[in-house]
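Shared between the two complexes below is chain A, which has chain B as its partner in the first and chain C in the second.
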Partner chain A sequence: MTQTVDEPGPHQRRGQGGAAATATYVFAVCRDGDPAAVAGLPGQAPGAPVRLLRFGSLEAVVQDVPAAEFGQEALRERLTDRTELERCARAHHAVIAAVAAGAPTVPLPLATLYLGDERVRAALREDERRFHAVLERIAGRVEWGVKVYARRETTGGPGRSATVAPARTPAGAPEGPSAAGAAHAATPGAARSVGRSGRAYLERVRGARQERERRQQAGLDAAEAVDRALRGVAVASRRLRTHDTALTGERGTQLLNAAYLVAEGREREVAEAVEEVRSAPACQGVEVEVTGPWVPYSFVDGGGLDARG
Partner chain B sequence: MTGAGREPVRAANGRLELDPDRVGRDLVCLVLTVVELLRQLMERQALHRCDQGDVTDEQIERIGTTLMLLDERMDELCAQHGLTRDELNLDLGPLGTLLER
Partner chain C sequence: MPVGEHVGEVVPWEGPESGAPIGVPLVDLLDRVLATGVVVSGDLVLAIAEVPLVRLSLNALLSSVNERVAAPWGDGGPL
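After this line comes the complex of A and B, so read on.
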C-alpha cells in the first residue's frame, strides 16, 4: 500500500526549487463535503479560501498557501516554535472539524503540502482505495480520548519518611562511620532524628519499595479497568504512547492514553462507562480524563487496530 | 539531556534557550543521576543480601548507616546545585525512566 500522504511535510516538494509562488496545503480527504462549511475559515493562510478539490470519487480539502512561508526551512522554523505550532494545529483542526461535521472525513497530518492542485490530485488518487477503506471504517463514528493519571501522592524518600520501622537495636550496635555520623547528628529537622539506625533505614527503604510496587500495580490495574470498560462501548481502540511527566505537569504520571472509535450518538454510553469505572474500587487512586467527540484522528492510518476494528 | 519534570527555560518566542550555565547545570544533573542510580542499586543489593541472611546484624547496621548517609549526601548535593531529587532522572522514551519514580 502506498502511503504517499502519510508522511507529512515539505519533503513532498522535492525536485523543484520552490519556483511556484503558492503551494497547496491539504487538510483532509472527504466524501461529498459541503464547500460552504469551510468557505469562511481562515485555514493556514488567511486571505485564500479553503476549498474542496475533487479527485476521483472523493474530495480533498485544500488551501493555497504562500510557498515561501511553507518551504522546508520556513516550516521547520515555525513548527519548532510552540506558539506557532499551536496556532497551526488549531487552524488545521478547525478546518477538519468543520468538514467532518457534515461528511465523513479523513484528517491528513499537519503540514501536508504539494506544489499545486495537480500534484495533489495525482498523489491522492494513488491512495483512493485506501481512503475509501478508511472512510468506510470511520463514517458515522467519532473518537473519544481517555487518559488516566495516577493521583499525585506526597512521596518522600526513605530517609524522609516519618514512619518508624520496628527496629530492634542489638546491644552495642556500631555507630557507623563516626566522623560523618557526628557531622550529621546536628542536622535539624524532626524527620532526621527519627530512626538513626542503619537497620531502621534499610527497613524504611524496603517499605518504600513495596509501597511503590503496590502503587504501580494498582495504577496498571486501574488503567486496564478503564480500558476494558471503554472497549465495551467502542468499535475499535488504540493505545497511544503515554505523555511524559514534563508535559502532564501537576497531574501525576500518565498511566493510560487511549483512543476509542465509537458510533455517533453513543455519548451516553461513553459517559456511563466512564462514571462506572470512576467509582470502581480499582480506580480510586487515579483520575480519568475524557475528551471528545473528536474526528477519528487516531483511526485513519490503518495500523494498530483491534481485531474488531 | 534534561531531567524529566523540569520546564526548560524558554525565551519569549518559545524557543529553547541554550546558555552555558544551563548546560553546566544539566551536566551536574546527569552526573548526580548516575550516582543516584548506583546508590539505588546498592540499596537494592543490600536488601537482597539481608533477605538472604548471609550478613550479620552488625554488617546490616553498618551497610544501612552508610546508605542512609549517602542518601543525605545526595540531598545536600542537590540543594547545592539547585536541583531536587525528582529531577535526577532520564526519560528513556518508551522504556520509561532510568530511575523508578
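After this line comes the complex of A and C, so read on.
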C-alpha cells in the first residue's frame, strides 16, 4: 500500500508572508508510487521532502516550496535566468525520473503550483479519469527522442567562387559591381568577356540555388525516412518543434525533432532502426541523433496530439 | 562518451541516475518539461495561486534558452 502524506509537513518555512508561507509544487501524477524513491531528492526546495499526496486512486508527487520564491514575479524572474531555469528543469526531471523508475508516471509541466495540498487534490481529482487513461497508455513504455540535422555544407558560397578576379588597379577598386565599371575603359573584347563572366556568374548562382534546393529536398526526404523507420518500432509518435539554427549551432539545420513512444525493452530495435536509416543512401546528407529512454513526457497530452506526424 | 551526445550510436542512459538529470541535453529537456505535459483543468498549465501563467512565461522561458534569438523554436509545432 502506498503511503501518502496528508499534512503539509513540519516545514512551515521562513516565509515572510505569514499565513501562506508555502505553496505545493506538483511534479507528476503516478499510480502506486514508492515514497522512498523520492524522499531523499532535493526537488525544487531543498529542506522540504518530496512526497506523495493521494487523491482518489492516484498520487501526486509534491513538495512544499516557499511561496515567496514561487510567486508569479519571483518565478518569472528566476526562470528567465538561464542558470536558474536549467537548475529548475533538472530538479523537476530528477524527481520525475525517480518516480517513473518504479511506477507509471505522468509528468506535469515545470512549475505547476497550487496554494496548498487541498487545492492540488481538488484540481487533480477533476482530471482523475484522464490521468488514468494516460497512465494506461504510457505504462510499460518509454520515449525516445530523435533529431535529424542537415550536414553542414563545406563549400564556399556562390558569391565567393564566382567573383571575377579583380584587376590589380593602383586605386584598389573593390570587386563586384565595379568590375563592370572597369570595363568602360577596356576594349570591346574585354567587355564581352566581362559579359560572359556575368552570365557565368548568374549560371553559377542559379546552379548553387538548385543545388541548395536539391539538398533541402533530400534532407527532408531523409528526415521522412528516419521518421518512417522509427514509427515502425513505436506505438505512437509525435513531432516536436524543430530547434532554431541559433540553438543547433554547429550541427546545422534541424530537419526533424520527434518523439517516439516505444515499449520498454526494445532499445535494440530502436538502435537497429537508427543504424539502418543511417546507412541508407538516402540519408547520407544528414546526421541522426538519438536521446533516451525518456519518461514519456511527449505522450501525456491527451489523445489528439500523438497522432501527429 | 558523454551522455546526450549520442551522435554515433544509441546508448540508453544508464547507471544509478537512470534518467540522468545531469547528462540530459538541456534543450531536449526543455522541449519536454515546458512544451508538453498534462494541461490540468483547462488552460492551467503553469499556475500560481490559480493564476494561469503559461503563454506569458513560456515565451520568456524559451527566449532565455538562447539570448541570440527571440523565439528559438519559432512556430509550427504543437503547443
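Criterion: the second predicted complex is superposed on the first by the 248 of 309 C-alpha atoms of A that agree within 3 Å, B and C clash if a C-alpha of one lies under 4 Å from a C-alpha of the other, contacts with A are read in each partner's own complex, and residues count from 1 in each chain.
The rule is simple: a contact is a pair of C-beta atoms (placed from the backbone, for glycine too) under 8 Å apart; a residue touches a chain by one contact, two chains touch by 3 or more.
Model, not experiment: these values are computed from the prediction.
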(request) Would you sort A:V277 into first (chain B), second (chain C), both or neither based on which partner it touches? (result) neither
(message) Quick check on the superposed pair: does A:L58 touch chain B, chain C, both, or neither? Answer first, second, both or neither.
(response) neither
(message) For the three-chain arrangement built by superposition, which of chain B and chain C touches the greater number of chain A residues?
(response) C
(message) One more residue to check, A:A258. First (chain B), second (chain C), both or neither?
(response) neither
(message) Quick check for you: in the superposed arrangement, does A:A94 touch first (chain B), second (chain C), both or neither?
(response) second
(request) Using the superposition on chain A described above, determine whether A:R238 touches chain B (first), chain C (second), both, or neither. (result) second
(request) Give one of first, second, both or neither to describe whether A:R82 is in contact with chain B, with chain C, with both, or with none. (result) both
(request) Check the residue A:I138 against both partner chains and state whether it touches chain B (first), chain C (second), both, or neither. (result) neither
(request) Answer with first, second, both or neither: which of chain B and chain C does A:L202 touch in the superposed model? (result) first
(message) Identify the residues of chain A that lie in both the chain B contact region and the chain C contact region.
(response) 80-82, 241, 244, 246
(message) Touching residues of chain A toward chain B in the complex: what are they?
(response) 80-84, 155, 157-159, 170, 173-177, 180-181, 184, 187, 192, 196-202, 205-206, 209, 212, 241, 244-246, 253
(message) Considering only the defined contacts, which chain A positions touch chain C in the complex?
(response) 23, 29, 70-72, 75-76, 79-82, 85-86, 89-94, 96-98, 100-101, 106-115, 119, 123-124, 126-127, 130-131, 134, 145, 238-244, 246-247, 257, 267, 270-271, 274-275, 287, 289-295, 297-298, 300-302, 305, 308
(message) Can you tell me which positions in chain B touch chain A when the two form their complex?
(response) 4-7, 10, 13-15, 43-44, 46-47, 50, 57-58, 60-69, 71-72, 75, 85, 91, 94, 100-101
(message) Considering only the defined contacts, which chain C positions touch chain A in the complex?
(response) 4, 6-7, 9-10, 12-13, 17-22, 24-41, 44-51, 53, 56-57, 60-61, 63-69, 71-79
